[in-house]
Amino acid sequence: MTSALTLNHYLIVSGLLFALGIAGVIIRRNALVIYMALEMNLNAANLALIAFSKFNRIIDGQILVFFIIAIAAAEVAVGLAIIVALYRRKQSISVDELTTMRL
Amino acid sequence: MNIHDALFWFFSIAMLACGLLVIANRNPVTSAMFLVLLFVFMAGLFLLLEAIFIAAIQVLVYAGAVMVLFLFVIMLLDIKASERRKFKILGVVGGIAVGLAFVWELVIILSQPIEPLAGGGAELHGGLEEVVKPFFAHYMLPFEVTALLLLVAMVGVVLLSKKELK
Amino acid sequence: MTGFIGNAWIWNLYAVQLECLLAIWGILILLSDAFAPTSNRRTIGYMTAGFVAAALLYSFFLVPLQGSLFNGMYRLDTFALYFKRLFLLALTMVLVMAAEFSPRIESGVAEFYALLMFCAVGMLLIASVNDFILLFVALELVTITFYVLASYLRRQIPSLEAGTKYLILGALSSGFTVYGIAYIFGTTGTTNFDTLSRHLSALGAQPPLAFTFGMLLVLTGLGFKIASVPFQIWAPDVYQGAPTPVTAFLAVGSKAAGFALLLRVLFTGLMPVQYIWGPLLLVLAGATLLYGNLGAIPQHNIKRLLGYSSIGHAGYMLMGIAAGNALGVSAVLFYLGQYAFTNLCAFLAIIAVTAVTGSDEIASFSGLGKRSPILGLALFLSMMSLAGVPPLSGFFGKFQLFAAVIRRAQTDGHYYVLAVIGAVAVVISLYFYLGVGRAIYMQEAEDPSPIPVSKPMRLALYVCMVAMIGLGIYQLPLVNASIMAAKVFGLH
Amino acid sequence: MDILLGIAVLLPLAAAFLAFLFPANKPKAIRALAMFATGVSLLITLVLFANFNRHESGYQFVHGISWLPTYGCSLKFGVDGISMTLLLLVGFVSFCGAFVSSEIHEREKEYYILFLALTSGISGTFCTLDLFFFYFFYEMAVIPMYLLIGVWGSLPPGKHGRTKEYATMKLTLYLTAGAVLALIGLLAIYSISGTTDIEKLQHNWVATNTQMWVFPCLLFGFGFLASMWPFHTWSPLGYAAAPTAASMMHAGVLKKLGAYGIIRLALPLLPQGARHWANLLAILACFNILYAGWVALTQKDWKFVIGYSSVSHMGYIFLGIAALNVVGVSGAVLLMFAHGIMAALTFGLIGFFYHQTHNRFVPDLSGLARKIPFIGVCMVMAVMASSGLPGFANFVSELMVFLGAWHQGSTLFRVATICAVWGIVVTATYLLWAVRMSFFGPFDEKWSMLKDAVTFKQKFPYALLLAVLLTVGFYPRLLTDIIKQSVATFVPADSEPSIAATPSAPDLAKVQE
Amino acid sequence: MNHWLLNYSVDWGMRNGHTPICSVWIILFAPLVAAALIALVTPKWKGVSAALSIGAIALSFALSMGLFLVFAVKHIAHQPHTIQWLVVGDAVRIEFGMITDPLAMLMLLVVTGVGLAIHVYSLGYMKGDPGFSRFFACLSLFTFSMLGIVLSNNFIQIFIFWELVGASSYLLIGFWFEKPSAAEAGKKAFLTTRIGDVGMMLGILLLWSRAGTFNFAELQAKLPSLGLSPGILALIGVLIFTGAVGKSAQVPLHVWLPDAMEGPTPVSALIHAATMVAAGVYMLCRVSWLILPSATALHLIAWIGGITAIMAATIAIAQNDIKRILAYSTLSQLGYMVMTVGLGGPTQAMFHLTTHAFFKALLFLGAGSVIVALHHEQDIWKMGGLWKKMPITFWTFLIGTLALAGVPPLSGFYSKDEILLLAFEKSTPLFIMAITTAFLTAYYMGREVFVVFFGQPRDRHSYDHAHESPLVMTLPLIFLALLSIVAGWHGRVPDFLGALPETGHHSVLLTGGLIAVPLFGFLVAATIYWKPEPSDAPVKAALGQLWTWVENKYYFDELYAWIVKYVQGTIATICDLFDRWILQRLGIGGLSVGTGLLGRTVRLLQTGSISGYAFLVGLGVTVIIYCVVVR
C-alpha cells in the first residue's frame, strides 16, 4: 500500500459526516429529514468502524457494522411507522408541533 | 496521488456534499435522493477500505431498502406542502455551532496519533467468509438478538401503521 | 469455564434460558392472538404476569457461572442474576399494570404484552452484557421496543409525541453510542470488556485522547438511558406522554438497564481509567440531582413529576457510582432494587386511579386516602419512600449512597460537596413528594366515590408495600444480595 | 430485665401493626389498645428506672441483635442516666397523649397507628446504641408528624396568615433539612471510625481539624429539630396547627431529640469541636431565650405563646450544653425532661379548652377559671412551672443551667447567663399575661357551655404530669444523680469554682459555735 | 414563768426523741401538708380546710414557741441538720438545711404568731366566700414559703422560698381573680418582685463563683479569706440587695405593693405588713456579714431606704383608700428598716421589723374589720364616726396608730427611737429624712383615724348597718394590740438578738424631740381633720402642685407603664416583625420562593421542542468532551 491515506483521513471524514448529522437533527424540523440525518450519524459510525477495522486488522469492526446496518433498518422501519402514525393524527410531520408536553 | 487516494477524495467530498445537501434542502424528496447518493458514495469508501461485503450490504440495505422506505413514506404522506417553511435561525445557528464544535474537538483529538493497544493478525480482505463466519460462531448471540429485534420491528410497524383499528 | 469448553453450548444455553423463555412466551402470545384471539383483554396479561412471576421464582434456582460465555460476550454472574431478577420483577408488575391498562389500548393488546416481553429479553441480556457489540444490540432491542411502546396509543397526541421524542433523541443517542464504540474499538482493538480492561491496565500511561473521546460518547448513550444531565431532557415529556405501564417500565426497567450497563462498563472495562470518569460523574451526579429535584417543584402532572423525580433518582444513584467504591456499587444496586418496588407501587396506584378519573393531574388524586385507603396508602408510601423517609426502603437506599460518598470523601474532599448537594436535593424532593401526599390525605375529593381495585392489582400493591416497608426495616436480604452482586467487580 | 427495654421501645410499634389489622369502625378498641401499649411501656420504663443501677455511669440493660453485619450495625438498646431520664419522659408524655387523644373523632384508626409509630420512633432514638438506628428512628418521626398535623390539625387564621398545610410542610422540611445535615456529620464519623456502635465510637476520636467541621454539622443539624435560632420558625407554627396529642409529643418529646442528639453524639464524639463552637452556641442560646421570649410577648394565640415559649426554653438547654461542664449539661438534660413534661401539660390543657371553645385567641377568652377551675389550676401551675418556680422540676434544671453557664467562667458566658436569668422574667411576663387574660378577669357568658374536667379519666393525664413535675422538683436527685454520672463520662469534671481553700467540716462546726 | 417546769418539759421532750431540730422540720412542713391536703382532699369541706390550715400554723407557732423556750432556757446550740438536695459534681452542692439562730427564731415567732392571728381572723373575714378552701390553701402555702425563708441556711434555699413567697402572694393577691384589678395586681406583684429576684440570682451566682458554696455559715467563714476586691464585694452586696428591693418594695420596685391591696385584707395584713415584705429586711439581716464590709453597698442601701421612707410617707398623706394609706405606710416603714440596715444596724432593723409586724398587722386587720362592717367599702371619705359603732376595732386601731407613730410607751416608739438615734449618729441628711418621715407618719395616720372614726358619718346607709365584727375577728385584734404595746418594752427583742451596739449618750433634747415629733404630727392632723366634715382642701391649697404629684404617687406607675409599653413593647414588636418578615418571609420564604423560581427556571429548558432537545444533547456532549478531553 503506497497510499498516503491514513486512518485520520477516514476518521475526519467520518467525523464531518457525524457533525453534519447532528447539525441536521438540530436544524431541521421535518421529522423525516431528521431521521435521514440520524441515518447519516450511523453511517459515519460505520465508516469509522470499518476504517479502524481495516487499519487495526481486526474484523470485529465490520461485524459490528453489519449489526448496525441491520438494526438501523429496523429502526428506520419503526421510526417511519411512528411518523406515519403521527401524520395520520396531525396531518403534519413537523416536530415544531410536538410541543404539547413541555416545561 | 494514486488512484486509491483520488477515489478517496472524490468519494469523501461527494459524500459530504450530499450530506450537506440532505440537511440543507427544503424538499424532503430531494433530501432523500441525496441521501441515496450519500449511501452509495459511502459504499465506495467501504470498498476502498476493502470491506467488500459490507459495501454490498450498504448498497442493498441502505440504498435499496431503507431509502425506498423513506421515499415510499414521503410519497404516501405527500408532505411537500407542509414542509415549505423556512429554517429557524436559532436552530441553524445552534446546529452549525454544535457541528463545528464537534469537528473542532475531533480535530484536536485526532492530532494525537492513535496507536491501537492491540494489533490484529493478518490483513483483512473483506471477503464474505471472513465476515460471515464469525456470525455463526463468535457472534451468534447478537445475531439471534438482532433477529428478535427485527421481529419486534415488524410487529411494531404493523401495529403502528395499520389503517384500521381492530 | 475452560474445563467445560467441550460442551460450552450447553452452558451457553443454560445461561440464556430466561431470555429464551421470555422470547418464546412472547412469540406464543403473538401466535395465539393471531389464531385464537381471546375476548378478554386482561386474562392474557395476568397469565403472562403469572408466567413471568414463575420465571422470577425459577431464576432463584439458577446458579451463577464463573467466567464468560458466548466467547466472552455474556456473563451469568451474581451481578447479572441480580439484575435479571430485578427486570423480571419489574416485568411482572408492569404486566399487571398493562392488564389493568388494557381497556384503554385500542388495538393490539396481545402485541403489547408480547412487546413488553421482548423488551424484557433485551433487558435480561443487558444484565449479562460483557461486550460492546452485544451491548449495542441488546440496548437497541430495548430502545426500539420502547419506541413502539411509547407511541402505542397512536390515536392520542401525547403518546405519539412521546414516541416521536423518544425515537429521535433515542436514535441520536444511539448514534453517539455507536460512534463511541467505534473509537473505543479503534483505539484498543477490542470490544470485550475484560480484554479492554486488561489492555488499559497494561497501558500504564494515559490512554489516547481518542479513546477517552469514545468512552465519553458511550457514556452519553448510557447517560441518555438513565436520564442523567445533560441527557435527561427527554424524560419528563416521554414519561408524561407514554402509556402509563410503559412509563413504569421506562422508569424501572430501562433505567435499571442503563445502570446495569453503566456499572458493568465502568467497573470492568473502564475501571482502569476511573480517574477520568470519576470526576465527570461527580459533576454530573450533582447536576442531575439539582435538575431533577428543582424541575419537579412546579409540576402538577403526576407522571411528569415522576419523570423529573426519575432524573433526580438517577442523580442519587450516580452519587454511588461516582463514589466508585464497593459500598457505592452495592448501594446503587440496593437502591435500584428498592426503587423498583417503590416506583412500581406508585405507578400501580396511578394506573388504578387514572382508570377511574382519567386524569394524571395531581389535583385529581385529592382525597384518595378516603376514596380508596389502599391506593392512597400505596401512593403515599411510595412517595415517602422516594423521598427517602424511614422506615421505608428509600431511606436506606439513600443512606447507603450517602455513606458511600462520604466514605469516598475521606480521600477526596470534593465529594463532600456532592453529599451536600444530595442533602439539599433530599429536602427539595420531600417538598414535592409531600405535595402529592397533601393531595391524598389533606384535600377533599370532588367526587368522593370509591375507586375499585382488582385482585391482581391489590396483590401487586401489597407485594410492593410489604417490600417497601420490609426492606426499609429489615434491609439485610437485599443488602446481602447487592453486596454479593457488587463483589463481581472486586472493588474495595 | 434487659429485654424489657426493647419491649418498652417496640411495644407501641407492635401495637401500631396490630391496630392496622383492626377494623376501622372499632375506634374504641383501637384507643384502648393505644392506651394499653403506651401504659405498659410506661410501666416497663418505671420498672427499669427502679432497677437502674444508680452508681454506674455506663449503659445498662444493653441488649441487641445483629442487624446489618456488613455495616457492623445492630439493633441494640441500652440506657444510661441521660437516656433513662428521657425514656421516662417519652413514657409519661405518650401515655398522657394517648389519654387526651380521645378528642379525635375521625379516622381514629390511622391516627392511633401514627401516634404509636411516632412514640416508638422517639423512644427508639433515645435508647438505641447504634448510629444507624439512631438516625433511623430520628427521622422516622417525619411521616407520622406530617400526617398527624396535616390531617387532624387545625390552624385558625391569624397574623401569621398561613394554613395548616403550610405549617406541616414547613415543619417537615425543616426536620428533614436538619436531619440530612446531621446525617452528613454522622456518616463522616462512621467513615472515619468504621463502626456504628455508639459505645465503641466513644473510643474512636475523630481528628481535631475534622471535628471542627463535623461538629457544626451535628450541632446545626440537630439544632433544626431543637428549634435553634434562627432555625426555629417552624416550631410555633407547627404546634399551633397540630392536634393536641401531636403538639404534646412534638413540643414535649420530639424536639428534645435534637438536643439529645447533640448531647449523645456531638459532645462525646467531638469534644474539641464542641469546645470550638461552644461560644457560638451560647450566643445562639441567648437569641433563643430572649428573642423568642420577646416574640412570645406579642403573640395572641395561646399555642403561639407556648410555641415561642418552648423555643425560648430550648435556649436554656443550649446554654447548658454550651457550658460544657457537668452541671450545665446535666441541667440541660434535666431541663429537657422538665420542659418536656411541662410543654406536654400546657399543650394538653390548651387542647382541652380549645376542643370546646374552638378558640384559643387570648383576648377572646376571659375568666375561664370560673367555669373550668381544674383546668385553670393546672394551667396556673404549668405556667408557674414554665416560668421557673421552685418546687417544679423546671426550676432545678434552669438553676443548674445558670450555675453551669456561670461556672464556665468566660465573660461571654457570664453575659449569656445574665440574659438567661432575665429570660425568666420575660417568660413570666407573657405567660402570666396569657393566664390573666384568658383564665382570670370577668367571666364571658359566651363560654358558659364549657365543661370542666370532672371524671378521673379527664383529670388523670394532667394530674400525672403535674405530679411528675412536682416530684422531680422536690427531689431532683432522683434524676440528677443518674444524669450527672453519665454526663461526667464525656464532660470534664468541674472543679471547685473558687481557688480559695474550703474550710473542712470540723472547722465549720467551730464556726457554728 | 416557772423555770423548773420548763426545764422538765424540755428534758422530757428531748428524751423522747423530739429534738428541737426535728420540730423545726415540723414547723416548716406542717403548713405545706395542710395546703396539700386542702387542695387535694378537702376543697369541698370548708370547715375542715380552715381547721387544717389554722391547726397547721398553730402547731408551727407552738413548736416555734417551744424552740424559743428551749433556746432561752437551755441555750442548746443548733446543730446543722441538712439534706443534700442537689449534688452535681464537686462544684454544686446544694443542701436543704435549717438555721435556728436567734434571728431565725425571732422571725419564726413573728411569722407564726402574727400568721396565726391572721388565720383566725380570716375565718370571719372570708366567711361565705366561694373560694374559702382555696384561700386557706394559699394562706398555708404562703406560710410555708415564708417559714422556708426564715429557716434557710443557704442562698439557693432562700431563693427557692423567695420565689415561692412570690408565687403564693400572686395567688393571694389575685384571689378574687374575676376582678380585673385583682388579677392585674397579682401579676404585677409577681413580675415586679421577680425583677428583683434576677439581681439576687446574679448576686448569688457571682458570690458562688468566688466562694464555691451557698451555705451562709461557710460563706461567712470564708469571706474574709476570699480576698474579694471592694468593687466585687459592693456588686455582690448590691445584687443581693436587689432581691430585697423587690420583695420589700423599695424604690424603684415599690409599685406593686399598693396595688397588692386588691387582695383580701387578711392577705394584706399577712403579706404586706408582717411577713413577705419583711422578708427582704430579714434577708439583709441574715446576710449582714456580706453587706457590712462594703461601704458602697451600705451607702446605697441606706439611701434607697431613706428615699423610700420619705417618698412613701408623702404619698400616704394624699390617699383615700383605707388600705392604701396603710400600704404606703408599710412602704415607708420598710424604708426605715432598709435604711437602718444600710446604716449598719441590722439589729435595730429587726427590732423595728418585729414591732412593725405586730402593729401593722393590727392596723390592717382593723381596717379589714371596718371594711367588712361597711360591706367592702374602702374609701375613707365614705366612712366617719365609726368609733361608737365598733369600739374594739377603734381602740385597737388607735393603739396600732400610736404604735406606728412612735408614741411612747408603745412598741413603735422603742424601735423607731433606735433607728432615729442610729441615723442621727451616722448621717445627718438621712436623719432629717427619717425625722420628717416620722412626722408625716403621725400626720397621715392621724388623718386616717380622724376621718374614719370621727366626724359625721358620710354614708348614712352603710353607717346604720355597720356593727362590730364577730369574735374571731376581734380576738386577733386584741391579741395583736397587746403585742403592739408590750413588744418594745425593755428592749427584749434586741437583747435576744445580741446586745445593741452602744449608741452613746444622747442629749435629753434629742430624746424629747423624738417624742415630740409624732405628737406634733397628730396635732397637725387633728387641727385639719378633727371636724365633723373633714376635707383635704386646706392641705391641697397649701401644697399646690406638690399635692398633685403626691396624689399621683409621683407618677411612677405611669412611668413604668410607659417603659413597659414603649421600651419592652418596641423590642418585642421588633423581634416579632423580624421573625415574621425577615426570618420567615424574607429568609425562609425567600429561600423557598428562590428554590421554586430556580425550579421554574430549570424547567424552561424543557421547551418541548425536539430540535431544542437535540441541541441540548449535542451541546452537552461537546461540552463534556471539551471539559474532559480537550482541556
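A, B, C, D and E are the chain letters, set down in written order, and residue numbers restart from 1 in every chain.
Here is the rule we go by: contacts are C-beta pairs under 8 Å (C-beta built on N, C-alpha and C of every residue); 3 or more make two chains touch, one makes a residue touch a chain.
Computed from a predicted model, the values in this text were never measured in an experiment.
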Inset, instruction - Starting at subunit B, find the fewest moves between touching chains needed to arrive at subunit E. - result: 1
Inset, instruction - Count the C-beta pairs in contact for every pair of chains, then give the pair with the highest total. - result: A-B
Inset, instruction - Could you tell me which chain's Cα centre is nearest to the average position of every protein Cα atom shown? - result: D
Legend entry - Between subunit E and subunit C, distance of the C-alpha-averaged centres to the nearest whole Å: 77
Legend entry - CA centroid of subunit B to CA centroid of subunit C, Å: 31
Legend entry - Computed distance of Cα centres, subunit E from subunit D, in Å: 35
Legend entry - Averaged-CA centre spacing for the pair subunit C and subunit A, given as whole angstrom: 26
Legend entry - Multi-chain contact residues (two or more partners), subunit B: 88, 91, 94-95, 98-99, 102, 105-106, 108-110, 114, 116, 118-120, 138-139, 142, 146, 149, 152-153, 156, 160
Inset, instruction - For subunit E, write out the residues touching at least two other chains, lowest number first. - result: 603, 606, 608, 610-611, 614-615, 618-619, 621, 625, 629
Inset, instruction - Return the residues of subunit C touching two or more other chains; collapse runs of consecutive numbers into ranges. - result: 133, 137, 140, 144, 147-148, 151, 154-155, 164-165, 168, 172, 176, 186, 189-190, 209, 213, 236-237, 298, 431
Legend entry - Pairs of chains satisfying the touch condition: A-B, A-C, A-E, B-C, B-E, C-D, C-E, D-E
Legend entry - Residues on subunit A engaged by subunit C in the complex (per definition of touch): 7, 11, 18, 21-22, 25, 31, 34-35, 38, 41-42, 44-45, 48-49, 51-53, 55-56, 58, 60-61, 63-64, 67-68, 71, 74-75, 78-79, 81-83, 85-86, 88-90, 95, 98, 100-103
Legend entry - Footprint of subunit D on subunit E - complex, ascending: 77-80, 84-92, 156, 159-161, 163-164, 167, 170-171, 174, 177-180, 183-184, 186-187, 190-191, 194-195, 198, 201-202, 205-206, 208-213, 217-218, 220-222, 225-227, 568-569, 571-576, 579-580, 583-584, 587-588
Legend entry - Residue ranges of subunit B in contact with subunit E within the complex: 88, 91, 94-95, 98-99, 101-102, 105, 108-109
Legend entry - Contacting residues of subunit E [partner subunit C, same complex]: 595-596, 598-600, 602-603, 605-606, 608, 610, 613-614, 616-621, 623-625, 627-629
Legend entry - subunit C - residues contacting subunit B, complex: 12, 16, 23, 27, 30, 70-71, 73-74, 106-108, 111, 114-115, 118-119, 121-122, 125, 133-134, 137-138, 140-141, 144-145, 147-148, 151-152, 154-155, 186-190, 195, 199-200, 202-203, 208-210, 213
